[in-house]
Structure formats: structure tokens, C-alpha cells
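Pasting the structures in now, so scroll down.
You will see two complexes here that share chain A, one where it goes with chain B and one where it goes with chain C.
== the complex of A and B ==
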């Protein structure tokens, strides 16, 4: 029995080594590069530089702005959609859900190309509404990731709670606000975390829609093109800090941490 | 009235999600170079797509990368999940949390950090494809791990023990008892890995050889260029991918609902 336990455990060794080598070590290296300069000396100028330069601070604000508006728009579209789907009396509602999820599996760059052609047709010149286009592009890209988790929580909701609320005198709106909405918060939160962070970093959507304003991701891209590993590492680290902060804030409220997207795949 | 409102909303969202790709599909069968005036029916976009060596290599390269990264990720992630599941709680939690890093991290950060480690620190040339493959395995393996772990938790441990009591070697018990029970997790992890790799842009840009392109990096560069033949051939590619995805999703769904019906018939 003893030898056997070791053999089962040892199956995990390659992956453990892989995790240490390619997930933990890159983070260590990122730290090292962020706090050193080209000569390998310790410096915090990369950090202070970011927080004193109006350009980079502007980028941070613009990223937050785009991410915030995108998340709100996604939420306003996704929540009613998920709600209607979850409450429909159709027998095959998971087929209907699949229709909303399917775009997830089509290459995003091709979908954004399609969107770009349509927006060009409607607007004539894409450069006229850069912020609007960025939000539309991100929403188009990320909407399925907001619909799915909200649908999952809503469809698992115990219907008798709503009935109980109504028996106790609540009207439809009251039951929704006091019962359904609070109980669907975990779904909203996991949806928000799947939209907000990518919206801060996915600069290709902006590039493809001719919005030349930088967001946080574009900063890494430009440092990368300039071979400035130290500056790029600091931006990556700042992004990482934002991501960790965001995850810690939402962690306690999330329902299934074990099953982010994978569970609903097929 | 309320019902119509709901229906309209659903249709509006569907229109938003599908109109661009459907319109592009229609135009891919014409000789138009911009969306607007439809002229004649033409298949030349499809001819260009399948006969231009550059495009063909890019598509095949993307598929090859996705399959190899997904295979590696599935092997590593599945074994990792089994190992972590049977290890002490401490080791298991440690692996769980490291595994979570690429899942929550932005792809830009993951790609950039792998590029720094492998290319800048270790000096591995991007032309070896090692950084690219490693990057894609880092992207995919955590999701395989995450889809296998719940299956291990659902498993009845006594069946494995019974197999051992009946004289099976641990390796055989693992192959014949554990593996079949977690296979659905492994398969959905593999499918997830393929889609993640196919959809990736950021990790590829930071780790790929300069002469190699995946569909994403190619399309992004092509939209900045002005070659209209390539541009419209990519419309054909969107149409092809759209149809393939729709077919896969439909057939998977049909199979799932058939299995579901059988289950219900049994009960």
C-alpha cells in the first residue's frame, strides 16, 4: 500500500515541476526585471516613473474607463438575456443558451474583423468614435463570458424561494429585487471578473478598430517592441497587482471557484 | 406584450452577436472588396484561401500548434491532477494555487513573462518553437487540471481499492478504473485546450518565431495591411470556421441530448 501511494503521487511530479518552472519562475523573473535597470542594479524608478508620468497614469485611467463601461454594458445585456433564458419554459433551453455561447469558439480576431467591416459601413470613418468602438468591440468579444456564469446561477436558483416571497406579499419587482437579484450576485461577480480584466488588457481589439489610445496591455506591447524588459516587467507587475487585488475582493463572494469556464463547455 | 418584449430583447442580442459574422459570410461568396454593394457571386475567396501557400501554412501551423499544445497540456494536466489529488493536502493546495495563476492572470502578462524567462534569461531562440509551445501549454494545462479534479472528487475510492484487492497492479487499476471514470473531464479539458490555443493572440505574439503566424496574429497583422485579396480571403476563413464551430456544437449537443434521453429511459 505504501509503495503504491508514492506511485500515484509521483504522477503529479512532472506537472509540479512544470508549474514551478513555467508559472512560478516567470513571476520571480518579472519581479527581478521590474526592480532593476539595464545595468542590473536595484532601482524603483520603473515604479515611481509609472506613477509620476501623466501619460502612463492617463493610460491607467483610460483602461479603467473602458473596462468599467464595457463591464456595465455587458452586464446590462447579459443579465436580462440570462434571466429570460433561465425562466423560459422551452424544453430545449440549453440549445438556446448554446447560441449565445457559440461565438466564444470562433477566433476572436476574425470576429473583430467582421465587426470592423460592419462598423465601418455604419459609421463611415472608425476614427470618429474611438471610445464607443472600443466598448462595442470588447462587448462583442466578451459578452458570452458574462451570459454563461449568470445563466448558471439563475438556472440553479430555487424557485420555491420566489414563490415564498410572493406568498408573503411581494410583487414581481419586489421578489426580483429582494430574492433573485441578491442570489445571483455570485454569477454576476464571476462574469464581471471574466470581462473587466481582459477589457483592461486586450489592446488588439482597440488596434483593430483603429483606436490608437493606449490601454494597460498596449504599454506592455510597446515596451516589448522596444526591447525594454525592465519597463515592461513593471507594467506587467502593476497589472498583476490589480488582478490579485480584484481577485481577492471577489474571491469570498464567488460560488464555484473550481469550475470557471470549463464546466459548461459541452 | 411582456412576452414580445422578452423576445425582442433576445433577438436584439442574437443580432448583435451574429450579424457581423453572417454578413461577412454572405460577402465572402462575392467579389466585393468592401461591405456595401453586392456585385456578382464568386468563389475566388475560397480558391485564394485554399491555394495561397502563405495562408495554407498559417492555418496548418495554427492547427498543429493547437493539437500538440493540447496533447501535452492534457497529459501534464491530467497526471498533475491525479498526483495532486492523492498527495498531502499541503502539496495539493500548493499545486491548486499555482495552477490558478495563469487562469486569472491576463494573457499579456503570461506571454510577456514567459518570453522574458525563456528568451531573455535562458537565451532560448524563438525559432526553436520551444517558447511558443511552452507558452501554449501554460495557457491550456491549468484548464485541463481544473476539469479533471472535480471528476476525481466524484469518484468512489472503494472501486480502486477493490481492484487492488482483486489483484490488479496499481498501474492497471489506474488505467482500467481511474482513467475511465475521469475520462469525461479529460476530454472536455482537451477540447478546452484546443479552443484556448486556437483563440490565443497574446502568448503567440510574445513567443512565436518571426516567420511563423497563427490565425490570430496573421489576421491582426493583415487588418493593418492593405492587401485586399488577403483581406477578403480571410472573410472566407471566418465563414469556414463559423460553419465548423456550428457543426461541432450541434453534433456535440445532439449526442449529449441522446445520452441524456438514454439516461432518462433507464431511470
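== the complex of A and C ==
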């Protein structure tokens, strides 16, 4: 028993080493660079610089805008799809679900290159609609990440709750709004966080679809290629802070829904 | 080949973290790359651009049959060099050949502790390396024209030699440290069905609304800066008075390298307009977009322009090349030896210089040019094969109707009027591959070198470039602000309401 314990513990060592080398250590380096200048002295000018420069702030807004619109579009497309899938009595609904996930199995850059050609066919000249293209590209890329969590929540929903609501006089719309929707909030939240945050930084989509405006990811890259490790690290850190903030916020919302029965009573 | 590629930031960040971690764990230079000094083999570590040397393995029908004999790339040039070195000098050398993607990558590799003996950066980067005292000067023996193995000094074009001899940094000539490899100019590849030669011969095409979203620009600060300065100063640069001034060449170089704060500010404004007018900022994709007709004009380096036109020819789609009237950026890639690689090892330095010479042997020059499409700095000197190759590639067939004599004496012999170096070529070649690969003397007369931006200027210009690509918060329309405020207020109301309701029922 004793020997087993040790071996179990030692199983974790590779991951601990990995954690240390590739997560903890780089984070330390990131912090170091973010709060120093070229001479290695401590400074917060990288931080204040970010929040006083109209260009970096504008880029943050632009990334936010793209991410927000992408998330909304994904949600509007994904929710009905997931709802129909979860409530269909088809025997083959797993096959249907697979159809939505399958694009994820195809190489990302291949998909976007194909999308580029299709958009060119439709629009004539791709470069005229940079924002629209970015949203289409991101939606195409991230939609499955929105469908899956919502579908999971909806398919596990206790049908008796809806029956109860109807017994008590709710019509279809009322039952949906007061029972199904509130209960699917956890799925929505996890979908949103899987789409919104990557959409703020996934600049490869923008690059490939010829949107010449930087978003957060490309902004970091541009600082690095100008040898400005300090500014780039600070932006990476600010993104990290935004992600943590977002996670805390959504976590708080999920806790509000901890008691699903209470939610259903609304 | 693409001279500059963008590395995804993710990779960069990961690489950066790992190398940072790596250098913390293994102090740089301690051991991992132990020198094989005990054996009598010399190891030569060469780092060159990707796809920038002949790798051999040609198809049999690819033989280049010149008057002075056939040229054929059987094995890679690197292994041919190892063999040749043993035959010529009786010593063994092993070449460790690696590649880099951009000048900046190479510089990062060097500063993070990678060791190479011989590298091939562009002129502004070797100027930077010279200024930072990282290079070993070429030996006197290297320039000894009596030695028949010194193919570089015996074959380099007088025009290029002059540039390397007259350009200096901190009082030292380029030629003290650098031996040229390839060179070229910048210009515009265009579709002659849409644009005339004249319309394409200006940098102003980049923000011309007539070609809105149909032109591409380079995705790097130096090339874009040059084009912007050219467009902004177009009136001055093309004026008769400026053109005919006795110190034209010198003044042109000063104007094109103008990095005064006012010019930088103007360039930023200009490039912001350009951003809203061009199809894309590209490094590689412009070639394909040009060939498929998605764009009608494409800011291009001459080597890649030749490649683009070649590819288009295969589809029977004609493209041409125009050199802006204002000025064109002439650039060079050159071999330099690094101090922390050579480390005063005479054997190594000898092998490095021999490598440069071997790449400058006329048959090898032809192989490289055929393989990569760029233009070698070697004219061949006494050896006629480089010029014969040019004639073989572009010379007019006998039944050709419209032909023009194209003099290239300035490059091959140093005498512009030299009748031995005139190619009779189909007239349309003058603004196609021939005129691109070997620009005319007239074109070259309005070329300017772009020196490297040093220290603070570099930071300011890099920041300018980032600003160009950013979205300025002042450009956010008012209705977006109102909408955003509305959404926030709505969300807040929903949240508060939900809490209140929950408390009521709980």
C-alpha cells in the first residue's frame, strides 16, 4: 500500500516539471519583463503607457468589438441548433451533432483558406469588409465550442420540470423563458467563455482574411518583433488580467444559479 | 523565397519563454555546442535565408546549355563545397547549414546565444552587426586577385564592388566585413491590362482611390516606410531641378533616409490612409493574389517579382514590373563572419572565406540564380558564363520581331557603353523579367540604399508602425459608445433585477 502511494505520487512528477518549466517559469519571466524597462529597472510605464495610448486602447476596443459580435452571432446560431437537437426525437441525433463538430477535425488554416475563397466569390473583393469577414471567420471557427456546452446542458435538463410548468398553466413560450432558458445559463456561460476570450486574440483569422487592423494577439506579436519585450509582456499580462476578471465574473453568475430549483421557480 | 515572414506571436512567445528558461538553466555557451577541435575536421556553421541556395537534384532536362559548357545542379551546393574544399586545399570541412526567416529573427538568434561562423543578412542588418562590433573582417588574402580560387574578388560586379567600397558605417567600409551574395530593387508588379506602365511607376499607387482594395503593400516597416517617403516627397524627387543636381545621388539617399520627427509623423498619417486603401499587408500571399487576379498591383522585391511573372507566364497571364519614378530601394544580402563563431580560428575563417568564393564561382552563381530567381552580385569578371546565362534566359530568338538592345555594361564591366555586354532581347522583356532581374542603368540611377535606423529612431519608427496597424480609439463612432453604454446599463439592470426577484422568492 505504501509503495503504491509513492508510485502514485511520482506519476505526477512529469506534470509538475512541465507545470514548472512551461507555466510557472514563463509567468515569472513575463512579470519580470512587464515591469522592467530596457535597462532592467523596475517601472510601471509599460502599464500606464497601455492605458494612455489611444492606439492600444482602441485596439482593445476593436478586439472587444469583434469578440462581442462573434459571441452574439455564435449564440444566436448555436442556441436554437442545440435546442432543436436536444429536443428532437430523432434516433440519429448523435450523427447530427457529429456534423456540427466535424469541421473541427479539418485543419484550421485549410478551413479558413477555403472560407477566403468562398467570401471572395460572394463579396467580389474580400478587403472591402474587414470587420464582417473577421466575424464570419471567427464564427466559423468557434461555433462548435458554443453548440456543445449548450447542447450538453439542454439534453440533461429534467423534462418533468417543463411538464410541471405546463401543468401550472404556462404556455410553450412561458415554459421556455421561465424554465428552460434560466436552467441553460451554465451552458451559455461556458460557451461564451470558450468563444469570447479566444476571439479577442485569434489574429490568424484576421491575417488570413486580410483584415489589416491589429487585435490583441497581433499587437503582442508586433511588440515582440520590434524587440520590445517589455511592452509586449505587459499587454500579455493585461490580457491575462482580463481573462481572470472575466472568469471570476462568470463564475459568480454560475454560483447564483447553483440552486436550479430556485431558478425554475422564477 | 520570402525575405521577411511573420512568425505567429504564439510561437514567438512560446519560443521566447522556452529560450529564456533555457538560458537560465544552461548558461549560454557552456558546453552544449562543444567544438570539435580535437579532430582535424573544420566545422563551418552557415546560416542563410530559407531557400536561398541551390539544393541540386535537378531534372535531366533542366541542363543549362551555355556556349562555355553545360551547367547542371546534381548535388546540393553545400556538399559540392565540402568536396571542392578537400580537393583544393586538402583539408576536410563539414558544413552545418541552417536557415533563418527574417533579418530580425537572425539577430534575435544571435543575441540569444546561437553561434554561427558565416551568415547572410541584408545590408541594414550587417551594418547593425558592424556597428555593434560583432564581425570579423575579411582577410587580405580574400581580396588577392592573383589567386585563381578567389572567385569573389575576381568576379564581383564593378558596380557592386563600388557600392561596398564607398558605403561606410562608423568610418569603416562595408567591404571590410561583407561580401555580397544577392541584390535587387523594389517596385510594383502590375497587370498591364488594367494599368499602364506609367500609372504603375509611382509609390502613390498605394493610396490611389482608383485602385482601392486592389493593391498590396509589404508587411514590414522598412519597405513601407520607404514607399511612404517616396510618395510623400514625389514632387521633389521627380522635379527636373532635383534630378539634374550635381549631387543628385547623395541628396536622394538623404531624402529617402529622412527620419526627422515631422517625416515620421507624416509617414504614419500616410500609411494609415494606405491601410484603408490596400487589399492587404503581405509578405508571401501577394504573389498568389497577383497571379489569381485578386489584385492588380503588388509592391514586390525584384527576386519575387521575377518568380511571380514566371508563374503567371505558365498560366499565359502576362504581368509586368514597374520601378517607381521617385526612387527604388536597392538592397543587398551579404556574407559576414561572426566573432563569437570564428573565435580567431584561422582554419575556420579560411573555410568561411572559401565558402563565399565557392558560391561566387560563375557556374555556381548560375545554379543559384536559376534555383532562387534573385540576382547575384557576381558578374563573372573574365568568365563569360554569367552573362551567357542571361543571354540564354532572355536573349531574343532569331525570328523575334520587336527587339531592343539592352546594355548592361555598367554591371558587368563597369563601362556603361561596353558593347560586349549588350543583350538583344524582345522589347517587352524590358519591363518584364529581364528589366527586373537586371535593372537598366537609368533605373539604378534613381535607386537609394536604406540605412539602418539606430537606437532611439528605431524605437520611434517601430512604434509608428504599430500605431499604423492599431485601431485608434478616437475612430470609434459615437453610436458605438451609445450602444455600448446601453448594453452595459441593460445588463446591469437585468442582473440587479434577477437578484431582487430571487431574494423575493427565496
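Throughout what follows, the second predicted complex is superposed on the first by the 249 of 266 C-alpha atoms of A that agree within 3 Å, B and C clash if a C-alpha of one lies under 4 Å from a C-alpha of the other, contacts with A are read in each partner's own complex, and residues count from 1 in each chain.
The rule we apply is simple: a contact is a pair of C-beta atoms (placed from the backbone, for glycine too) under 8 Å apart; a residue touches a chain by one contact, two chains touch by 3 or more.
Quick caveat: nothing in here was measured; it's all calculated off a predicted structure.
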item: Contacts of A:13 with chain B and chain C, given as first, second, both or neither; value: first
item: Partner chain in contact with A:224 - chain B first, chain C second, else both or neither; value: both
item: Partner chain in contact with A:84 - chain B first, chain C second, else both or neither; value: first
item: Partner chain in contact with A:164 - chain B first, chain C second, else both or neither; value: neither
item: Chain B versus chain C as contact partner of A:214, first or second or both or neither; value: second
item: Partner chain in contact with A:65 - chain B first, chain C second, else both or neither; value: second
item: First (chain B), second (chain C), both or neither touched by A:56; value: second
item: Which superposed partner A:241 touches (first chain B, second chain C, both, neither); value: neither
item: First (chain B), second (chain C), both or neither touched by A:127; value: second
item: Partner with the higher number of touched chain A residues, chain C or chain B; value: B
item: Chain C-contacting residues of chain A that also contact chain B; value: 22, 25-26, 29-30, 120, 203-204, 207, 217, 220-221, 224, 229, 236, 262, 265-266
item: Of all residues in chain C, those that touch chain A in their complex; value: 6-10, 12-13, 16-18, 20-21, 24, 104, 108, 213-214, 221, 275, 278-281, 294, 459, 462-463, 465-467, 469-476, 480, 498-499, 501-502, 505-506
item: Residue ranges of chain A in contact with chain C within the complex; value: 21-22, 25-26, 29-30, 54-59, 61-62, 65, 120, 125-128, 203-204, 207, 210, 212-214, 217-229, 236, 256, 262, 265-266
item: Touching residues on chain A, where the partner in the complex is chain B; value: 4-5, 7-16, 18-20, 22-27, 29-30, 33, 77, 80-81, 84-85, 92, 94-95, 98-100, 102-111, 113-118, 120-121, 140, 143-144, 193, 197-198, 200-204, 207-208, 217, 220-221, 224, 229, 232-233, 236, 239-240, 243, 247, 258-263, 265-266
item: Of all residues in chain B, those that touch chain A in their complex; value: 6, 9-10, 13-14, 16-21, 23-24, 27, 34-36, 76-77, 79-84, 86-87, 91, 95, 98-99, 101-110, 112-117, 120-121, 134, 137-138, 141, 143, 145-147, 149-150, 164, 170-171, 174, 188-189, 191-192, 195, 198-199, 201-202, 205-206, 215-216, 219-220, 223-224, 234-235, 237-238, 241-242, 245-246, 248-249, 252-253, 256-257
